[in-house]
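The structures come next, written out as structure tokens.
Next, two complexes with chain A in common: one pairs it with chain B, the other with chain C.
Moving on to the complex of A and B:
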């Protein structure tokens, strides 16, 4: 086997142009497919304002990633097919000794910088206008809905390995059932009694870590009646995978009658609960002596 | 330079007799002393802790944490004693002249003890990290078996979480050492024209600490397992039973080993480069090792500090992470991810280095955009310290900083994207030879792209609300770490193992391994993006029944992926044990320095320190000289066998 330099002077096809054409066709086909065919099926649906925001972002990001995906796939595929050595020749032929190209490098950098700044700006504006999009925003949220003052406050308390819910507007009654009214702003206050959990109301598009000693606020407005799953999303020990429950979304009047019945039902118990607070330290973990 | 002054130790020396080897310092004594050390220190800890623990910690952690932690530290000392790591400092203190070479002879025993030959240490590293890679992979098979049912059926809940934690921790720790250990230690000195690493004893120490870390982690199973996964979130770690002590000590050992290996590589590259090896000629793999080392040196101490805090919370009852006593669980999140995000680039950068090193050889073209690749790696390394809070988007911790971390996270895709441009430029009008290493490198780009693009979804806070902490994240980092690093590592193993061992690796079996691994890797992990978006949290043993079919499919594909790994193992056994064929000096026709010296490489690497006359990527130019060995041809294959 000998190593020979490449023979030059043959007619080279216009590889750059070919790749650009294939890429443009693939992208032109795939982007509409993603937006209009796949897009409607991307989770998490349209039950709440949060899921609508998340769905919109996911469709945009998926559509944006298609040109990049196609660029790499088309280029790789084209290179693998066209830029291969002839295994039968018995000699090792070197390619052209190209080392760099300032124009291509600068273009690549500028395009990726524009993409990144655009994505970050889009994400930031989206986060602020969508009231935090259902994510936990800590105790002092920046992105509040306009009707935050009249929102229904629901406290979510995580503990190993179950969820309980307190309604401070109704005497701080505590239940194991999560019932929410439709078409009303809801303000979740998420906290924990022991270790770190994460409150994930899947169909609502709400996710907020439950941290002991911390108050984590998330907003949601639900548009239809129905039910949703709640799961723990942060490893919290032995029965983490079983720390789930089902929540219910009912009409405003049904919610009123449910909450009043619950207040009455638990009146005898509620008075023994610690007063409603944003955080709790129920068990002293240290013996001071 | 000192490496030039270091005498060539060509007299292999009369190896001591079998009995002499057995009674000398070696891993057998290390195991024995580690056990004795554990027992002694555990007894001592029991005495110290007897008055404290029972009194102050009702219903909390196990009461003998002081004894267990001290016991584990005792076993570290015993381990080092048995391997002979205290000999050198003791000799120095007694005023005796220590030997320059330690444990370097031709006997097989050199693989079972402290050895200052960097090539021996690298082979030890390779065997050790691959061993733990397979153990951790086996855990993944158990996890996937459990997930074939939507309810917990196979394992008790605690055992399942221990499997999850062992898989994650072992993969993360062993793969952090998986490239920089074997390939870094083997290649860096040779690539820069040195006979050794800067600190050969420390090099050996990092390897033996890594091995011990693996076994200490496995000892968690004897102490009741641990429920925290690899992230070890407090206060769950405060509350957990004694198995978590093994996790803490094991991770601490890995942290120390990472710092030491990083310092060693940095000093080696700065001080031991051969004449003519300017920074502009440094192979890109060495640059990857340099940037990885910078990350290891800067990030791992933060981890060590955080682990130390949990240890003190558990043993002497401090309250770093107990919120009711003024501590903060969020402190752990911050410290852990301040280490944790650079850590994922400790796992990514070596992959970049391997791929960009191998690509020019089989494209028969120079590495395109060399300076840009170096700049990209440094960009990734520096920026990886500014993105850690994207792991905490939902934690509620100063949520108003989220746009900033969203921006920095997306910004880091620019230097990462440069690696793709390097690859593309190198492949342009190339003469590709589809060898097994090249296939793995091409697959790297395919997989890493999917990993990178899914990272964009996670970096956007709105989208992250859905995917955070779900199987989407799990699929994402398996695409970057397994699809990226492990594919690159496999490419590197197929590429360099003929040089390292002196035997060729079977290409047909290698291709079978590649295609099965590539196909089943994608079929395993791509569906998991959907599982995450549809509401499957990580680390659960029961999930919504509607996801059952998807999980069964993924499990079957995962088992096939496991079988593919057995093909790899079989290939190693076939090529290195059963049907051995001598490898030639330069089977890939590479221009890189390590291929210009004889196979097998003599223990002194170079007869004379070579003079470097060009970078290793001079393809396409007729006979571009890369290296001048001085007395050309003096280091011939014939002489090496002498």
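Moving on to the complex of A and C:
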């Protein structure tokens, strides 16, 4: 098999135009499909204000990726069909040499820059307008919900390998169960007693690192009753994979009943708890050595 | 060309075999499972001891649990077989000294029958708090400075703090299994097993001396202060 010298047929179809037309049609079909058909099934759902915000971002980003995906696939398919070597000829025909194209390069750079800066701005605005979108904001949140003052405060305490929860509005009672009321702003204060963990309430769309000596605040408002899974999302030792629990979302009245029963149930041990504090490090570690 | 291909294939096969051997070894190298004693009424009895230093190969200075098998012999394993949906009567002979809890919430007895455990000091010279020794005392909460260890099964919401012996006690066991004439605390409680499954348990007291935050070594090793309940 030999490589023939440059041989460009003048009767070649206008491949660039053909690819652009096919790409435009595929994109015009697939973007609405992604937004309205696939979109509703993209995680993490609509249980909370955070998951709704995250879901909107997921749909937007997925839809924005479609034109590029279509470009790659269309070009690949077009090339496979149209640029195959003719097996009968026994030769490989090389294409014309590529020279720099200022217009294409400029377009590529400008589109890339606009995409990156635009998405960064979109993400920043979204974080600020969506109360942090479920992420931990540190001890001094920039994005607070309007009803933050009336929020139910729940402290999330990570330790190897257990989550416990304190309710400072109810005498600082601590429990291994996470029960939350529906339709009320929740203010999580996430911390750790030993190593770094990460509090991930999956269906709530909340994820905040639990760092010893740090108070990491995250907000969420839940719209429906049900249950959700809590995982640790930071590799933290032997039982990291088992550091999970199931949280429950109940009505306001059911929450009041539960929290008062819990306060009574744990009254004796509550006396032994340290006064409620945003962090407990390094005092707990003094026992260790 | 064929020789080269064969060499590559043979090398690849050897690597796969090595990985397979390692995986099988890893899966089979854990401590054995020991069954609890099954009583006539279908309930089970589980007898444990906790020692401050195992005293044997390979980690003689590591804190550890041991279990008594149905023949009455102490075995060094933390994987225990229990019947499903049955009452389990647990007796723990706790020979280690007090460390105290990192999280005082774990001073609460949870998930046992009646929400209590029964504590008895044996050969203990008294508590650092100055309180008299326990004598078959049922408690739902103990002072957070007293535990040497906990027996906690998070998935069952079961947790029992295990009171340690006083630091001033001289009659301390250093090599497992510990005979009963050494100072210890006897803790007994009962709980009901759930359906079949494997449930992890662990100690929550940072009791691994000389490890970072007291939570390395034996605290991260099945066979010492972590284990599994194989409920079937």
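Criterion: the second predicted complex is superposed on the first by the 261 of 289 C-alpha atoms of A that agree within 3 Å, B and C clash if a C-alpha of one lies under 4 Å from a C-alpha of the other, contacts with A are read in each partner's own complex, and residues count from 1 in each chain.
Operating definition for what follows: a contact is a pair of C-beta atoms (placed from the backbone, for glycine too) under 8 Å apart; a residue touches a chain by one contact, two chains touch by 3 or more.
This structure is a prediction, so every number in the text was calculated from the model and none was measured.
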Clash or fit (per the criteria above) of chain B with chain C on chain A: clash
Contacts of A:157 with chain B and chain C, given as first, second, both or neither: second
Contacts of A:226 with chain B and chain C, given as first, second, both or neither: neither
Which superposed partner A:269 touches (first chain B, second chain C, both, neither): second
Partner chain in contact with A:252 - chain B first, chain C second, else both or neither: neither
Touched partner set for A:61, first chain B, second chain C, both or neither: first
First (chain B), second (chain C), both or neither touched by A:176: second
Winner by number of chain A residues touched, once chain B and chain C are compared: B
Touched partner set for A:79, first chain B, second chain C, both or neither: first
Partner chain in contact with A:124 - chain B first, chain C second, else both or neither: first
Which of chain B and chain C A:195 touches, first, second, both or neither: both
Superposed model, chain B segment overlapping chain C, candidates 4-12, 58-66 or 490-498: 58-66
Footprint overlap on chain A, where chain B in one structure and chain C in the other make contact: 194-195, 237-239, 242, 284-285, 287, 289
Contact set on chain A toward chain B in their complex: 1, 3, 5-6, 12, 15, 42-44, 50, 53-54, 57-58, 61, 65, 68-69, 72-73, 75-76, 79-80, 83-85, 87, 92-101, 104-105, 108-109, 112-113, 116, 119-120, 123-124, 126-127, 130, 132-142, 190, 194-196, 198, 200, 202, 205-209, 211-217, 229, 231-242, 279, 281, 283-287, 289
Touching residues on chain A, where the partner in the complex is chain C: 157, 159-162, 164, 174-177, 193-195, 237-239, 242, 245, 266, 268-269, 272-274, 284-285, 287-289
Residue ranges of chain C in contact with chain A within the complex: 99-105, 107-108, 110, 140-141, 143-144, 152, 154-155, 157, 200, 202, 204-206, 209-210, 212-215, 219-222, 226
Interface residues, chain B side, partner chain A - complex: 55-58, 60, 152, 157-158, 161, 227-229, 231, 233, 235-236, 239-240, 317, 319, 322-325, 328-330, 333, 363-372, 392-400, 402-403, 406-407, 410-411, 413-414, 417-418, 420-421, 424-425, 427-434, 442, 445-446, 449-450, 453, 456-457, 459-466, 468-470, 533-535, 537-544, 589, 618-622
